[in-house]
Amino acid sequence: MMDSFFALASANLLSPPVLFFVLGFAGAFAGSNLTLPEPVAKTLSIYLMLAIGFKGGAAAAAHGLGTDLVIALVSGAILSAFIPLVAYGMLGAMAKLPVVDRAAVAAHYGSISIVTFVAATAAMRTVGLEYEGFLVAVAAVMETPAILVALFIASRASGRRSEKGEVLSEVFLNSSIVVLTGAFIIGMITGEAGLKEIDGFITVPFKGVLCLFLLDMGAVAGRGVRSGWQGMSAGLVAFALIMPFVSALIALPFGLASGLSTGGIAVLMTLAASASYIAVPAAMRLALPEARPSIYLTLSLGFTFPMNLTIGIPVYTAIARFVAG
Amino acid sequence: MMDSFFALASANLLSPPVLFFVLGFAGAFAGSNLTLPEPVAKTLSIYLMLAIGFKGGAAAAAHGLGTDLVIALVSGAILSAFIPLVAYGMLGAMAKLPVVDRAAVAAHYGSISIVTFVAATAAMRTVGLEYEGFLVAVAAVMETPAILVALFIASRASGRRSEKGEVLSEVFLNSSIVVLTGAFIIGMITGEAGLKEIDGFITVPFKGVLCLFLLDMGAVAGRGVRSGWQGMSAGLVAFALIMPFVSALIALPFGLASGLSTGGIAVLMTLAASASYIAVPAAMRLALPEARPSIYLTLSLGFTFPMNLTIGIPVYTAIARFVAG
Amino acid sequence: MMDSFFALASANLLSPPVLFFVLGFAGAFAGSNLTLPEPVAKTLSIYLMLAIGFKGGAAAAAHGLGTDLVIALVSGAILSAFIPLVAYGMLGAMAKLPVVDRAAVAAHYGSISIVTFVAATAAMRTVGLEYEGFLVAVAAVMETPAILVALFIASRASGRRSEKGEVLSEVFLNSSIVVLTGAFIIGMITGEAGLKEIDGFITVPFKGVLCLFLLDMGAVAGRGVRSGWQGMSAGLVAFALIMPFVSALIALPFGLASGLSTGGIAVLMTLAASASYIAVPAAMRLALPEARPSIYLTLSLGFTFPMNLTIGIPVYTAIARFVAG
Amino acid sequence: MQTFPKKQLTIIFEKPILPRMRRLLDAEGVTGYTIFPALAGRGTQGAWDSEGTLGDTGKMVQMLCVLDGDACDRVLDHVFGLLGGQIGIVTVQDVQVIRPAHF
Amino acid sequence: MQTFPKKQLTIIFEKPILPRMRRLLDAEGVTGYTIFPALAGRGTQGAWDSEGTLGDTGKMVQMLCVLDGDACDRVLDHVFGLLGGQIGIVTVQDVQVIRPAHF
Amino acid sequence: MQTFPKKQLTIIFEKPILPRMRRLLDAEGVTGYTIFPALAGRGTQGAWDSEGTLGDTGKMVQMLCVLDGDACDRVLDHVFGLLGGQIGIVTVQDVQVIRPAHF
């Protein structure tokens, strides 16, 4: 397992996407501004959703959908609802934080990061592991339950009641979820033929676009760490680096029980391990405004995201291989 | 003809570009915001002009240009000048609108929508019909006469005189016309060799980019209907759905007389049937400011554009096939 | 040599990238606005850096690096430091300008334009000449020495002392240098394998993206000439058109001494001949605010850049062939 | 030209609550408002920059609303209610308009 | 620091007529103006949003012009002529400047 | 609602010196400021347009800072020092705020 892990880790660390991420992170840390203009960054993220969703749908159409999809969707929903509870507990043990901040951070770790998901699928391709196309749909399902659970925690603990309706519709109508699931359905409808029609856009340049996007993400993350560093305690940083492994291990049995392939298990573990940094922060500004963005954003984007990209994904893959492969 | 129509219609409706349009429209209607950031949407439309213009020019260079081009250009100009008169008359019969509003709407329906043109050419490729590359130049020619005619109607009917010079230079120097005709000329100059050089940009990802752009256009159109719905009367909506067929039928004899191929006739009919929603609205704000954008934009973008994309194009194609094929 | 030159010149002038540049320039001159939205233009320039840097790095990895790289880097640094002195002297002879303006212009001509570099490499490919991949690194090195020399001139001549630290860090942390050198290093690390992974993004659409970008650059340059025309004297315009040839000839012996290939010599000459219009202007606003942007920007962007793109590159190539090929 | 005194209410606040703010102003029946994007800034809660920020979190916008003195007081009350835990500042200025009926 | 009173003219109007407005201010000989993009808004003619709007139609911009009291009155006249059928609002404010000669 | 008088300092200046300007305001200890992007304009040194401009050179931004009267005078001094050879204008306005302690 160790050998396999080191091979995986170096293949991952030396792949162009991860190296561009490191370039952006290091550049931002040194004070350079490598971020893409905001409208472009937003478009690239829509492109990634569209491409990954469509390809997932086309793959799902090719292999047919059955009860395994339903089981995986339910597993995803359970994970997204359960992980915040664990995160909330761990945060209580590892750092001194007001309840609202704890609840807000917990929501981020229960939800997911689509870019981490995309990076995981690219890594699977690099190491030659297959994964189920319908995991795209599982990713979409995992975005929201965590938010509800976190709001529930916050309202129980602090008595604060928030307008769940507004927050949920904000998240559901969020362009990334709609594009992801919409493209998945279109991919299912048009199948292989549709894929062939737009291959030149969603497959040919895909990995390169991912490099450009990760350059930007690295720069954003590097900035986040640079400016958010002061507000962090050792306990919080430790949480951001340990929690993903806890989540990944929680996801492992669900992956096995869902009958996923080895690659599929690794991807599900990565989903569980990833933390949101776009949809959930916006929801928190509406639902829990007292919670400080400087804390949840720095943790999820500045620490967890880079850790998952570089070390996390190969570790989860090695574990999935060891257990299931 | 019915069989052929249903085959065409379902091939069109289930193609990725149209499905992405529907996704954007439905999402926007449900309240989600799937629009691309404005600078990107503008760039994608420049990309489409550049690609379609260049490919048209290269095709025209390959097949040589002769009197057929001249005849088609003249046909286009006549159509663009004549259709507004019909539209103005029909509007008078179908809805109660002030004269300026009627004139402004008429200008939109005489002019064209390049995205509808692009969608039509993509649909031709899907069903295996050839069309003349020089129709790109015809499209460019059809943008302006309608505006002049509409201003003439408005000044006769309302006595209002507008600075035609400013409006025309605004339209002529409009980036979309310049890029379209400029790229057409460059395509003619560099021919097949030039096409091969930049194929990886203007052909390989073309259809996928069109999907992304139509996702955005769908979202914009859906928003337009959502917010402009109240100001509409049944007569106006009926006009927006019927007028395109009238225009297409007017264009049919011109297409036949110009000696166009079956695909070329279908494309010319689509051009006639399409209504402007970028160049003409901006011109109307300058020339007829009393005309209400909420009316002309909602009609052309919210009703006519979606109708043409989904139902119109296969109908025009079926008619062209029946008559000419 | 004349024959070869005319063949080169017409191949260059009739290539799609140059024709799109001419379209943008002519359109802007006629009053049309063909510029891309700013966030997109910025992204395209990052894309070009990333692609050219990565490909240069992969090529350098394939051929190995040795003392020739070091010699070329030193040559580049010397050229960048020496050319401003020549430019400063020539300006004194050819135009009546305050010392700060002369120093600022000199800084621009010592530094380089990456887009001109990219156009030169594309032209090399068109005429079938190889060039050294590591010239990307030489380009990066040539950006800054000119600025330091110009500030030194200005402070000696006018007694004005500027905060060099701020200016230099501004230039060094400039995204274009960081992306260029970062991508070069990543290309070296991942080599041919990495290139293959992201080929569909950095090679397939490359030339077409260059066309789109040059359309925009042409429009910006055309605007610059249109609005900056009045402030120009015949002497200044002559300087902008003659100086590049002087710089190219200064670079010729350095290219020969560095043992570069014929294509490599032509590219080095082009680098020397090119003038900055993004990094150096920003630095000048900080370091020499009294120097007028309307002068240095119009000269480098409005005159030198178009001249290099259309006539300069084929001339330098013909000279390189005559001397070295 | 004769001018009439009005109040200009300026609110700089975080973008994620923009829909809420618009609903509030609509409910108050103000005749109009305009929203401007901000680029960067600093406040008691630190500096921010729209470049390098993902999504709306951390971005600020400025809402400008010209209205009657009385309406201004009423709207201010509600705005303060809304801004509660949120990030933002509010100012009021005197302005002159020409067509008083429009506001 | 000694300051001098000037007027600040603020015009929010639809983007398609921006070139006309600039020509007008140039013709009036004002020493300077600055234009800002707006993001969204609402007026008597309904709400608008720059996201999801194609081209310039439906977008608003804000023009800000600091000038002398007398010049302000003169410019206002012409601005009202121009804005005729167009969408937009105009306000005037008092401001202080330091270098009065610049304006 | 009770309001308190403050000053609003508005500086329109060229974007390349934005980091310098921010350092200055930070050093002066102002509690906050917000920066807005400008689209186009004209001044004594000619017209400019952010479309079709490469990099930051030639672009302008607007900095808005609400602060105490005394602080305003002090900051003004430094701002004029900074703007020396640079392109830009400065104005001061009276504004009312509700929570005076915030500024």
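Letters A, B, C, D, E and F mark the chains as written, and numbering starts fresh at 1 in each.
Basically, a residue touches a chain if its C-beta (ideal position, glycine included) is under 8 Å from a C-beta of that chain, and two chains touch if they have at least 3 such contacts.
No experiment lies behind these values; they were computed from the predicted model shown.
J.: If you check the contacts of subunit B and subunit C, which chains show up for both?
T.: A
J.: Among the chains, which is located farthest from subunit C on the basis of C-alpha centroids?
T.: Here the answer is chain D, farthest from subunit C.
J.: So what's the Cα centroid distance for subunit A and subunit C, whole Å?
T.: Here the centre of subunit C sits 41 Å away from the centre of subunit A.
J.: Taking the mean of the CA coordinates per chain, how far is subunit E from subunit F in Å?
T.: Inter-chain centre distance comes to 19 Å.
J.: Would you mind pulling out the distance in Å between where the CA atoms of subunit A average out and where those of subunit D do?
T.: 35
J.: Check each residue of subunit A and list the ones that touch at least two other chains.
T.: Within subunit A, the residues that touch at least two other chains are 33, 37-40, 204-205.
J.: Got the subunit D residues that touch at least 2 other chains?
T.: Subunit D, residues with two or more chain partners: 36-37, 47, 93-94.
J.: Which chains are in touch, pair by pair?
T.: A-B, A-C, A-D, B-C, B-E, C-F, D-E, D-F, E-F
J.: Within the complex, which stretch of subunit F touches subunit E?
T.: Touching subunit E from subunit F are residues 10, 12, 36-44, 47, 60, 62, 73, 76-77, 80, 89-94.
J.: Tell me, which parts of subunit D touch subunit E in their complex?
T.: 1, 3, 6, 8, 18, 22, 25-26, 31-37, 61, 66, 93-98, 102-103
J.: For a test of understanding, state which residues of subunit D touch subunit A in their complex under the given definition.
T.: 14, 16-17, 20, 45-47, 50-58, 84-86
J.: Show me the residue ranges of subunit A that touch subunit C in the complex, using the header's touch definition.
T.: On the subunit A side, the touching residues are 14-16, 19-20, 23, 27, 30-34, 36-40, 203-209, 211-212, 215.
J.: Report the residues of subunit A in contact with subunit B in the complex, numbered from low to high.
T.: 37-40, 42-43, 46-47, 50, 54, 169, 172-175, 178-179, 182-183, 186, 189-190, 194, 197-202, 204-205
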